[in-house]
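In the two assemblies presented below, subunit A is common to both, partnered first by subunit B and then by subunit C.
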Partner chain A sequence: MAIEIPTLPEQLPNDAPRHVGKAVNRVEDPALVSGTVEFIDNCVLPGMLHCAILRSPHPHARIVSVDTSAALAADGVVAVLTGEDVRRWCDPVFTAPEGWGNYCMAVDKVRFVGEPVAAVAASSRYLAEDALELIEVEYELLTPVATPEQAMASGAPLVFEERGTNVMLARKYEWGEVDRVFAEADHVVSRRFRWNRVGANPTETFGCICQWDLADGTLTCRGSYQTPRFMGIGRAGSLRLPANRVRIIAQPMGGGFGGKGGPRGTDIAALLSRKAGGRPVKYIEDRMEYLLAGGGQSWDRYYDAALAVKADGTVTGFRVRLVDNQGAGAEGYGTISAAKPLAAFTGNYRIEAAAYDLTLVATNRAPSYPYRGYGPPPHNLVLESLMDCTARELQIDPAELRRRNYIRPEQFPYTVPSGNEYDSGNYGQVLERVLALADYPALRARQAAARAEGRLLGISVVNTVEPGVFDWNAYATVGVPGIGVPEGVKVALDVFGNVTVAVGFNLQGQGQFTVAAQVVADYLGVDMAQVRISTAASDVAMPHFGQGGSRLGVAVTGAILGACEKLKAIFTTVAAHVLQLPADDLVLRNGRIQRRDAPAHGMSLAEIAGLMLTRSDLLPAGVEPCPEATYVWTAPNRNAPDDQGRCRSYLTAAYATHVALVEIDRDTGRVDILDYSIVDDCGTRLNPANVEGQLQGGVAQGVGAALYEEYVYDAQCQPLVSTFVDYLMPTIHEVPMTRKDHFVTPSPVAPLGAKGCGEGAMHTTPAAILCAINDALAPLGKELLETPASPHRVWKLLQEAGSAIANGPTGTRT
Partner chain B sequence: MSSKQRIEVRVNGIRHVREVEPRLTLADFLRHDLGLGGTHVGCEHGICGACTVLIDDRSARACLTLAVQADGHEVATVESLRAPESGALHPIQQAFVDAHGLQCGFCTPGFMMTTLELLRGNPDPTEEQIKEALGGNLCRCTGYQSILESVKLAAQRMKPGAPA
Partner chain C sequence: MKPAPFDYHAPATLDEAVALLTRLGDEGCDVKIIAGGQSLMPMLALRVARPEVLVDLGRLEALDYIRDEGGTLVIGAMASKQAAADSDLVRRAQPLFQAATELVGHRQIRNRGTVGGSFAHADPASEYPAVALVLDTEFEAVGPDGMRTIPAADFFVTYMTTSLEANEVLTAVKFAPFAPRRRWAIQEFARRNGDLALAGVAVTLDIEAGLCRDVRIAAFGVQATAVRLTAAERMLEGRPAQPQHFEEAGRVAATALDDPMGCIHASPDYRRHLVGVLAARALTEAAARPQ
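Moving on to the complex of A and B:
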């Protein structure tokens, strides 16, 4: 039986005011504000030990010896783990590209500062850390590989000797007649960009409790796991266990944003449990560990990029060369990060041809990991900055240049040169609304007045497309083993008609439990208070993926609706039997199976569920006494990529335009955001407050990436950032309180018309701020093409401009 | 390892007498010795503010305070906010729920305890005063806008004479 998933909220079988589409209070929140949620460090198991990890102080060194005898004899210590145990018991973690994975702990040599070298399990964390000081490690220092340039030089030291090179992956894509459009262009606008490392830094670091049952060879891991099933498969691989003997129990998470890490910490705690006779071992990463070596460093990128432009401002081609410093290994699936821009390579524009030349390089920086958006935030910064450079060179207003190049509403569904299909949109409409919301003419007047006073004000009008609801097909051409993106649920009614939805993921902050409760309540015609959402452990949950790729709100909605459609069929069969009516005469409405022509005649779902569970004598033959249904949703209509990576990869294409006003302090180089407006369209807003929270949160992270945050390393690959005193997270003073409005163009292909919306602001904000800074600098003939635009970088440009003015105009660009 | 010291500390109105190591942080004492897990630890170096509690009604970082320093003092944690029997939320908690002032909720106890201190001293704060008070707390999820709205809503509801 083909299941049809409702594509609009109006199709839900309910006349009561719907929960879907309203900013209802979140079901997660009463426990969260009470402080009673079981974040992993709040969990305690009987006999639990505590793990502390000794980390390498060197970026590149051979391990000559590790002496753990004194640590083993120390107070409270039960087990010590070293690389020798790991070599004996483990395989390196999965990676993409394949073959660039590390073991959970250094074996033979260390490849970055902070890499685990040994670990201790003791009766308290304090005693475990005491014991670390007693471990003697002798290192033989090796020359570090600090930069991609060094890594790619002939005769460079090798980060992974067995690979014979430091280049993890080199791949060229060409879509359309790129050489021709560049040859025929009236202008070619090209720049080099540098995006320095930033990262997720959720407020809760990674943590887990692992217990290795030595009797039956089953490993149970509780922890702050973003993608539980994926994590379980990975652990089965690295720890050489059958996958059905790894149970992952996802606890609520204090944020994630892709950069939660976890594989190394989990494997280390698991192995310590194995050495400690099966006692549970807790590992809670501290912030310094996270900053040094957690899953929190992303996007260390060098771009060479160009637009081909006709005299009238029509952009016809886009070429990008990316060199990505992945650090010491690809355990964070670096290829995905580099390849994700294929899903929206040419942004909002009708650019006919494009080329992408990407090189992933290994160095002795920490391995990089996913972060909100995965690849598009830096890519969009490059594209949108080049649009602004073009606007300046052609003396066209940046909003007008974008307007001229937009994909037009009648062109949807629209296939971009890199292959993905955008489902729907009206970019011009969003642009006009945000220009009105920001009062763009007034901003320009304010800028002109400020410039006349010698002040540096800048304005940007920046837009992006957010590929939503990801699928692995996009990555099949870059060597990524597909793990699948099913999202499965079980919807169950109890004997009283209460509803429980079992899901495979846990809370991370986006409010998916609330969305799930809204959707199921509307379909089954119950109050949200009658619904409970519960996380199943990975061994019994339906196939699932969890948070990632702007997908879960859409995916869990599809899964619940699919299960509800199955329930409707079962309940209709039972009601038809009990009421002695043909099933075709019955419909589901407002929580009742009732006669189409006489709604008073029918049964409530609670009555049917109760009957099914308690009176098998009244059931029709062949119907199980089970008012429950499962459904596993995945995006429909996906196809395999061609040799240039082209395929329908991301189901939905939300989009937004941001208008920012910034001012640069001439004396200090400090940038202040004076005004910020957003108009977006992510289709149906299942819970508008959740959507606004995702937007504003993305803005904050974008502000951090654009202005403050940076993982700084010295020339020897020593990290200079190890605390929040060095890694500057934006506070309430730095993040603009934004003005927001929106349109709703329901996705024609997604459940209830909702599009993925968790990452878009992170794709847009860094570009919006950098473009506004460059608009401010334009009168000085200077451009900043590096992030973050920290005061010292801006100040240096101002100094150069000042001396240039003093020495006569030169018009140099940096 | 080091000799333990006897401390007497009143936490959320309950008197505790314990022997603790001098190096034990107040955060670990609250979380692991007393089982009050609502005080979360985000950085352990005093920047993020997730572990903010009140000591004698003044906000303090529980990660930078040693348990022995709380000897003879009164500590209030997020667990003190909710009504003990009915479970009714404190107006600050309810305001954070109603104004969607949290996402993952990990930093929220620190924000709420800071808000409690602010509103006790200044029942009608301006937006700038709210920002000044909350400037030492990091939130990675919300972008702060809904937190600002939550505090305004709490202030409005807690003003003397406001409808219950």
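Moving on to the complex of A and C:
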């Protein structure tokens, strides 16, 4: 049966969509605001023990011995786990690229500060932590590998000796005639950039309760799991269990953003449960553990990049060399993050040729993990900064330079040199709207007036294309085994006509349960209050992936629509039989199967469901008494990558332009954001409030990356950031409430025309702020090409320019 | 992040507290007093502080007051910082102290933290010690031998260390009357709103016939304790209250500063520079304050 998924809200079987497209109240919120959500730390199981993990204080050292005898004898301690147990029972965790992985606990040497060395399960977390202090570990210190430069030097100490090198992956891509366009360019604009480590910091750190049923050999893991099915497969691998003996129960999460490094904590808690006779073991990662060695560190990057530009400002080529300090291993799938820019390598522009030279190296920093946006936030900062440098060199207004280089509306669907296809767009329209919203001429006038007073105001006009809805093929080119990304649901009506949607993921904050309820309520013509969204454990859920890659809102919409289409067919068959009418005369409209020419004749879906479940005698032959349907959605028209990684990887291409105004305090180097405007187009806005939340949240994280956040290490690879006193998340005081407007260009290929929109603001904001800072610095002839633009860093530049002292303090701040 | 084991006492009266502290001290116990716990609790959780015994002053409600004693503002050690920030009496009597209190963290932090706890904690990045140095502040402490008064200049010893004895309880902070003609300002530089300052400066001065008199400048966040910037004070004394002199005072203050701290957010050089900028700004702000 071919299933057609509606690509516009108007195609829903309703007179008018009643929920889709509206900022309806979120179904998630009553439980959140009343404190009844079952976050993992709220869960208590009978006989539950508590895990604490002893972590390495050294970045690189051989483990000579671990003595746990005193800990085992301590109050309340039931089990102690060491690397020896892990070596006996486990395999290293899954990594990409393959073979660059650690066990969940160090077995022979430690490779980063914070790497687990032993763990205790005790009757309380307090006693478990007390017992950790009784474990004696003897280390033989090894020379740490602190930087990519050190890592790549000949004779460097090796992070993974068995690999014979610290280079995890080196790969060059060339798309189009790159040498020619650079040779023919009138200008080549090149710069080096340094993006320092930042990362995801959800309100809730990782947590789990693992229970190893020793009788039937089944492991059940409850926890804050972002991708439950993927997590289950990984655990089966590392813990040597059949995959159908690992149940992952995803609890609601206090945020994710890609940073919940669950594998290690899950494996350790699981093994402790195994050692403790199958008692459940809870592990709640604390913030210090998270900051030191959780999944919150990403993007430790050195860029060397250039644009080839014609005299009229036409950009013809883009070359990028990236050296990425992945830290101690590839358990966070670093290649994915480095390869994602292939999906939108050349941004919003008609750049005919591009090249990407990618080197991933291992060092003794903590392993890096995914973070919202994956690779594009730093990549887009490089591209957009080079566009601004070009504008300055050619003395073209930065908005005008972009306008000249945009992919034109009539060129969609547009295939970028790196292979992905953008489904639809109108970039010029968004640019003109945001320039009007921000009153760009007035901003420039304000800047001119400020400059005349010696103040440093800067403006940026920065774009992004946000690839949405990733697919398996996106990362096959960099050694990631086929990770399917289906999204499956079951839509079920009960005997009273209530609707339950079983999904494979749980709440994480984005509001996907609300979107699911909106879509199913509109399709089946019920009230949202009649809909319940429920998370199925991984062993019984349909194939699914969950949150990640700006895909879930679109994917779950597709899955629900597919299941509803199947239900419509079944219900129509039943109704035709009961009403003794030809099925072709019947249509689904507003929750009823009714005669096309006489709508009063028909049955409600509730009536049909009730009949199906209670009166088998009235069912047509061959129809099961089951008013339920499953559907697993996957993006249409995907293809395998060619030898240069080119393929249709991301289904949708949302886009936005941000305009920022900043001021730099000449005396202190402090950057203040004075004004911020966004216009975006992510196709159909299934729930406009959700979209706005995604934008504003992305801006917040972008502000953090641009100005505040940084995982600092010293020259010996000791982390200098271990609490929120030093890792500076922006607060409501630092994040501008942005002015926003939008267009709707529905995707012609995605369910209801909606495009992935979870990451775009994070792609754009760091670039927007850094470009504005450089616009402000332009009169001094200085550029800041490193993030974050901390006051100290900016002040040093001002010192070099001699401006801070020459001008003296400029008066009182209020 | 769970505290190491400790014994816990919550005495009901001040006398009981002092007797307990004395007894525990005689027994050689490592004792720590906890007031609001705003700073101590995280240190306990991180096991950075691991006293054997915690003596909680939370039941000493008699120390939770803010009152005027013949023109002297007296704040009980257990008054919360938010109570001080909200107090009209504090605002009228000691506007600099009130402004400094509003710079402490966020409301939740000020609700939890106490005035006495903050002074006794003596964090070098705290606004309070610097304010105490430029105001005529005294600390009232009660020990086994009764009450004594410690002037601010003798109270702060070094990094998180005061001259309080182990068996003394800080009971009150006293501020001598602040003359209405006196000018004041506090300026600080923090990475984010509410963060501990990377550097800060508090000033008080008189301006008589356009000339600076009795200038007091103190910096915080730059050394192991708050520090008076005496070179800049001397330089300004008797000079016209004009921007170029304030800027020069900033440069003098920065140059004269001994050995500023460094951290990942600010090098010693940057801190030194910030002190100069903030001193000049604070002096400018104070001079411009309407009388």
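As a convention for this text, the second predicted complex is superposed on the first by the 800 of 814 C-alpha atoms of A that agree within 3 Å, B and C clash if a C-alpha of one lies under 4 Å from a C-alpha of the other, contacts with A are read in each partner's own complex, and residues count from 1 in each chain.
Keep this in mind: contacts are C-beta pairs under 8 Å (C-beta built on N, C-alpha and C of every residue); 3 or more make two chains touch, one makes a residue touch a chain.
Fair warning: this is a prediction, and the values are worked out from it, not measured in the lab.
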(request) Answer with first, second, both or neither: which of subunit B and subunit C does A:Gly697 touch in the superposed model? (result) first
(request) Check the residue A:Arg670 against both partner chains and state whether it touches subunit B (first), subunit C (second), both, or neither. (result) second
(request) Have a look at where A:Glu204 lands relative to subunit B and subunit C in the superposition and call it first, second, both or neither. (result) first
(request) Report for A:Ser790: first if it touches subunit B alone, second if subunit C alone, otherwise both or neither. (result) second
(message) Contact-wise, after the overlay, does A:Thr36 reach subunit B, subunit C, both or neither (first, second, both, neither)?
(response) first
(message) Taking the superposition on A as described, I'd like to know which of subunit B and subunit C A:Arg408 touches: first, second, both or neither.
(response) neither
(message) One more residue to check, A:Gly255. First (subunit B), second (subunit C), both or neither?
(response) first
(request) Please tell me which partner, subunit B or subunit C, touches more residues of subunit A. (result) B
(message) Quick check on the superposed pair: does A:Arg287 touch subunit B, subunit C, both, or neither? Answer first, second, both or neither.
(response) both
(request) Pick one for A:Val725: touches subunit B only (first), subunit C only (second), both, or neither. (result) both
(message) Residues of subunit A that sit at the subunit B interface in one complex and at the subunit C interface in the other, please.
(response) 126, 130, 286-288, 723, 725, 731, 733
(request) Please give the residue numbers of subunit A that touch subunit C in the complex, ascending. (result) 125-126, 129-130, 133, 286-288, 667-668, 670, 708, 710, 712, 720-721, 723, 725-726, 728, 730-731, 733-734, 790-792, 795-796, 804, 808-809, 811-814
(request) Would you tell me which residues of subunit A are touching subunit B in their complex? (result) 23, 25-26, 28-30, 32-39, 41-42, 75, 126-127, 130, 200-205, 252-257, 286-288, 507-511, 689-690, 692-693, 695-701, 723-725, 729, 731-733, 735, 737-738
(request) Using the touch definition up top, name the residues of subunit B that touch subunit A in the complex. (result) 1, 21, 23-24, 31, 36-45, 47-48, 50, 77-79, 81-82, 87, 89, 93, 96-98, 100, 102-109, 112, 131, 134-148
(request) Over in the complex, which subunit C residues touch subunit A? Could you list them? (result) 1-5, 42, 46-47, 187, 189, 191-196, 243, 246-247, 250, 264-267, 270, 273-274, 276-277, 280-281, 284-285, 288
